[in-house]
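Below is one structure. I have some questions about it.
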Amino acid sequence: MVSVYVHQNGKTTHVERVEPEWLDPSSGVTMWVDIEKPTPEEGRAVLADTFKFHPLAVEDALSEIHDPKIELYDGAYLYLILHGIDHQEEEHWFATRDVDFFLGRNYLVTIHDGHSRSIRAVKEICSQHARILAEGPVALMHRIIDSMVDNYRPEIEGLEKQLNQLEDEAILGHREDMVRDILSLKRDLGSLRRVVIPQRDAVGRLARREFPMIADEMAYRFRDVYDHLVRLSDEATLLQDRVTGILEAYLSTISNRLNRVMKVLTVMSTIFLPLTVLTGMWGMNVPLPHFPGDAAAQFWWIAGLMVTISVAMLAMFRRNGWI
Amino acid sequence: MVSVYVHQNGKTTHVERVEPEWLDPSSGVTMWVDIEKPTPEEGRAVLADTFKFHPLAVEDALSEIHDPKIELYDGAYLYLILHGIDHQEEEHWFATRDVDFFLGRNYLVTIHDGHSRSIRAVKEICSQHARILAEGPVALMHRIIDSMVDNYRPEIEGLEKQLNQLEDEAILGHREDMVRDILSLKRDLGSLRRVVIPQRDAVGRLARREFPMIADEMAYRFRDVYDHLVRLSDEATLLQDRVTGILEAYLSTISNRLNRVMKVLTVMSTIFLPLTVLTGMWGMNVPLPHFPGDAAAQFWWIAGLMVTISVAMLAMFRRNGWI
Amino acid sequence: MVSVYVHQNGKTTHVERVEPEWLDPSSGVTMWVDIEKPTPEEGRAVLADTFKFHPLAVEDALSEIHDPKIELYDGAYLYLILHGIDHQEEEHWFATRDVDFFLGRNYLVTIHDGHSRSIRAVKEICSQHARILAEGPVALMHRIIDSMVDNYRPEIEGLEKQLNQLEDEAILGHREDMVRDILSLKRDLGSLRRVVIPQRDAVGRLARREFPMIADEMAYRFRDVYDHLVRLSDEATLLQDRVTGILEAYLSTISNRLNRVMKVLTVMSTIFLPLTVLTGMWGMNVPLPHFPGDAAAQFWWIAGLMVTISVAMLAMFRRNGWI
Amino acid sequence: MVSVYVHQNGKTTHVERVEPEWLDPSSGVTMWVDIEKPTPEEGRAVLADTFKFHPLAVEDALSEIHDPKIELYDGAYLYLILHGIDHQEEEHWFATRDVDFFLGRNYLVTIHDGHSRSIRAVKEICSQHARILAEGPVALMHRIIDSMVDNYRPEIEGLEKQLNQLEDEAILGHREDMVRDILSLKRDLGSLRRVVIPQRDAVGRLARREFPMIADEMAYRFRDVYDHLVRLSDEATLLQDRVTGILEAYLSTISNRLNRVMKVLTVMSTIFLPLTVLTGMWGMNVPLPHFPGDAAAQFWWIAGLMVTISVAMLAMFRRNGWI
Amino acid sequence: MVSVYVHQNGKTTHVERVEPEWLDPSSGVTMWVDIEKPTPEEGRAVLADTFKFHPLAVEDALSEIHDPKIELYDGAYLYLILHGIDHQEEEHWFATRDVDFFLGRNYLVTIHDGHSRSIRAVKEICSQHARILAEGPVALMHRIIDSMVDNYRPEIEGLEKQLNQLEDEAILGHREDMVRDILSLKRDLGSLRRVVIPQRDAVGRLARREFPMIADEMAYRFRDVYDHLVRLSDEATLLQDRVTGILEAYLSTISNRLNRVMKVLTVMSTIFLPLTVLTGMWGMNVPLPHFPGDAAAQFWWIAGLMVTISVAMLAMFRRNGWI
């Protein structure tokens, strides 16, 4: 689905098709062409036939999975791929979806699969406020990118919350199947970094004024987005380090628990094995040495001996700090 | 075996020998010389005698194992080594085989050991469509390299599938000999990266227009291949990180299992050792204290005591969260 | 709350508002405007309306969490974010709070949340000694930054002390819940490094004379601060390495303790299990072989056998180095 | 021992001393001076007195242990230290020995301790074929270096073979003292990399034509040697990674074995402890409950009960996947 | 304590004060001013009042702990901080102490705390041989630095010796408190590297002729010192890697020992638990099945059964490779 927002003579109109004469920068027209979930034919009609973008860029824009990158074609237009983040409740914690931008002197073309909250939001503003397009295509692009990057923040915070919870569980050691969760979180953070870092670098190039269509004033704005992305990638790195720490904590908790179990076993065995031997001795079919007192007193002598041995053992363990 | 495809006056012909006058770029001839599994004499005849390539490059092209690299000789021709990937069912998961390219103004020479699916495919197209060679030797080389790089994708996906399976097995912990498989997968990923990374760098140099024979238009195409290789090497790195995670998961699963085994042992010992002592005491050849009731009731008193002790122990263990 | 220190004609006065004519460097006025815990309106009134700083810088200065950075706007004024450190007894060991600086030809503007001990101290000096402002805004900024960086030293030393204590505890292995403390210390060191390193880089740029308002003489002073920050970040890195070492020490201490427990268990089991069998044999209801001597001697023969077995076992263990 | 090979007027002669007039490049003389295991006086006589090399270079050349490096003195001659590899059966797996080269316009001086197989081999060729020296001192140096680098290949392969064997042993876990071997192999690989990497960098500088005496044609040859050294250092790195993997495999094998031992212990204890209690109960000196049937049947009832308990236990263990 | 060595008209004299006219390079005077353990006033008198060095450099020179660095002030004099190493028997293995150098056209100023063996040694030579100062201040500084760097060698070798011993102990596993020693050695190596690496970089800048007062001839000498420092830092890195290996070896030795202990326990339990049950059965107060032969033979039948079970068990263990 193609939506075209045209700004001409101070008015923004919403049409369905691009008029060829608008492509001329001197026409005084500013356009935003948003292509949502295009069929290949639809996409090619606009990108290749109307705008005459480079065939390779068109192929990239219409295919699915691409890493963030930025490229200048013929010094005339920029082709930029970024990834928006899309929160999903079920299965995975989030998915990233690429949004493609073509930025020329007087137009911005965006291609996406219809899930981009940022574009939806900007479209809404755009249809209500004429001034948005009046600021030019770079300001429009900044607005969309800024909103896309802002959407990363809650995901990072969600991951951090999960991580805090995992850390507590790892230290308490109640659950046994934590490794799956830890590895899954680690993988998520890995994917996040893999998207954020090239994105940061692409926006960094916008901020460093490497491209002729980015004026100084706009570069300051992109520097702001860039700082935001730097922070996000730093945090993802810190969280990854913490995940490693959690795994170590978990393993050490398991070791500690094993230790406690072994101590109980050792204490029990050490106390009861001698007692077993003792009862065995008085159970032998041989005449036994006689304790002082009458026959009935014998049992209590033996029981007393057993209690003494047990108490001595426990005292020794306590002195060694085992119990 | 030497196959020569010559494009002249709009027609492509397939011959067996290179005519010396074709080497002159001004002759209007475009050639593709493919040398399959050459004997050293055959190879030298074409490379050294006809084309007069540098002796060291000729030696490299005719020998077997070489890392990917790219070199410009005398500003006149490029020498490029890349590795195609060859899937093998048995023993190892894949093998890489080097394909050597010499690229001049109006010719492309390829040397390989006959296993390259990419070259076979392009040859087929070449003999059917005259226009392929008409695009020039750089476009031809791009077509071969693009196809070679595409063949890496299914191998990476195969490795990922294996890794997912290993991960599940590691977490369930059913198998004991997993370490061998994990190490083998790790080694495979290491070899893959060792081939992909220099390949990426070599193609990156083609994309950055460092060489005079690569026109802008062609550089865009190589940039596409380069992006593909960047993605491949990133994925190989991510998979390697995951392999490390799997080993950790496996070790922690083993520890957990040991813990469970130890708990059972401890619970059993702790319950039955006191009972053993108890039965031992009533087995002693000394007069025993009498429980209330007649002689027959004595057994049931003792049995009751034993059940009470067992139940108390189990309750204590359950409170400590052991069972 | 806005405090303005104005130096004019050799005198420093403390006022509440900036007069617009002071902004002209040729007016001979030097100003320090300190904005403490500003409301957004208050802040914007000074920063945007009076000084006309760039809107993005103003937004940054009035919002809370920012990484240290340095930026030159329009070649006219510097915008610098640093983090002061604030010791807190309870909960966390320390918190960092950002202090923002705007440095122009004849003024310094600082924005902070009122917790900065450094600014408080410099303010005090400022109101007593006229010469402080006479040295110019760069010297003033150096003085504040120097004091802020000095405050890091005791925190690093505090962390080192904690670490020494943790290390001792880890090696003795008395406590079982150390992992939480170790991870917490590791996280603290991570946050510290994350603040110190960009701070070091920002001050390094001041020291390398990248900005026109920093004269050579001042650059030497910032080089001193820079050296200090290099030392701090090196120490934080060293401490992080030591934390990793402590975790390893702790795990090895746990392993050693497990070993000792297992040895006791093994020694006890190995000695008493044979004795149990022995007493069991003489308890069987079958005629038993007779030792030399009378009936009463039988018990002592058996007891002697048991002692012999025990001593032999202990001797064997001692020879193997177990006890 | 000093050997001098002089090429003059198309003839190569072997003499014992350098004539001073040969040092003049315009004399048309090409020399190779090989100094084998020199006494300090002998060495200084040639290097300092005849060739007038820089005193520090002379000291380096006559002393023993030096890292590979390359230096240009006064733009006039190159001083190069490389390490040859010397296979030794006993004690360590290999030793590296430094060979020093001084390369001037018309001479090559080599200093070594007499163990260099490469120099011995080239000397032999040199005395038989006049054309070797006719190619000039750079070609001669390339020939020696090429041969030295070729000698590394079998050592790397030997290490790889050992590593494969260690890996198999680690996974089978038959030996207990493997750690010593693994650490020793790791140390060897570390030393190897420490020699190969600076060597690679030194030869890389030769290949990049940084020095005036290396013509283009010779640079191609050194590029070949450089590629070889890149490959060697890559392989050493890969092998080091594998050694780490082997240690992990070994530790996991030990853990697995411990697990198996613990399972046997647990199974045995869990089956026999209840039986012990059972036999203890019927051994008590109290009237026992009577099973159906006559007195003789009692034993078989109890035995049946014991077998039932054992079988039930084993069935439970099998269901849990323990045995 | 200030000692001044002045070289004038071919003679070296030892005085207590610097005459102001000597500071003029055209005076033909070469000076070495050594300041040992100065009081702040003494130090400032010489450094600030006489030589008029920059106040920040003077502060650095008179304070204690500084990382090695090099700085050029006003293009006129160099300020260099290096660390000498001081062997201490008790407590720590070594301490490093900073020595500060100011190098001008015709003077060298050194500041240290009196422990520097190198300066003491050079002073001695200086007072005996006039020619030392005649070579100029750079040669003098080289002599001191060379001697300081030489003192590192025995410390590195001492650390290596300790490490070899620790490695042997770790593999034998006799001591239990090794972790403390390993961590301490690791920390020592960390401190050493932290001093050696900036030192290497500072001397590297001297060797690369970045400063106008270092002539080519002197740069060669500093390159020699630089090579020495490169070697030291490489060795410290290698030793650190080995320490990590030792910790792993130690942990694996502990695991192995645990394994051996567990095996003994398992073998003993597995053999004696069935025997206990057996003796328990014949101890029951029920009529027992009768073995062939008379009553006395019963005991020997049972004993035979027990021996048979034990031997069968041992045979099974041996077949499984446990004992």
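For clarity, chains are labelled A, B, C, D and E in written order, and residue numbers in each chain start from 1.
Going forward, contacts are C-beta pairs under 8 Å (C-beta built on N, C-alpha and C of every residue); 3 or more make two chains touch, one makes a residue touch a chain.
Quick caveat: nothing in here was measured; it's all calculated off a predicted structure.
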Number of hops, chain B to chain C, where each hop joins two touching chains: 2
Rounded Å distance, chain A centre to chain D centre (Cα mean): 41
Rounded Å distance between chain A and chain C, as computed from the means of their C-alpha atoms: 25
Shared-contact residues (touching 2 or more other chains) in chain D: 251, 255, 258, 262, 265, 269, 273, 276, 280, 283-285, 288
Chain contact graph, described as a line, ring, star, complete graph or other shape: ring
Chains in cyclic order, anchored at chain A, direction fixed by chain C: A, C, E, D, B
Partner chain D, residues of chain E touching it in the complex: 167, 171, 220-221, 223-224, 227, 230-231, 234, 238, 241-242, 245-246, 248-249, 251-253, 255-256, 258-259, 262-263, 265-266, 269-270, 273-274, 276-277, 280-281, 283-289, 321-322
Touch list for chain D against partner chain E, complex: 54, 56, 60, 66-67, 69, 71, 73, 174, 176-177, 179-180, 183, 186-187, 190, 194, 247, 250-251, 254-255, 257-258, 261-262, 264-265, 268-269, 272-273, 275-276, 278-280, 282-285, 288, 295-296, 298-299, 302-303, 306
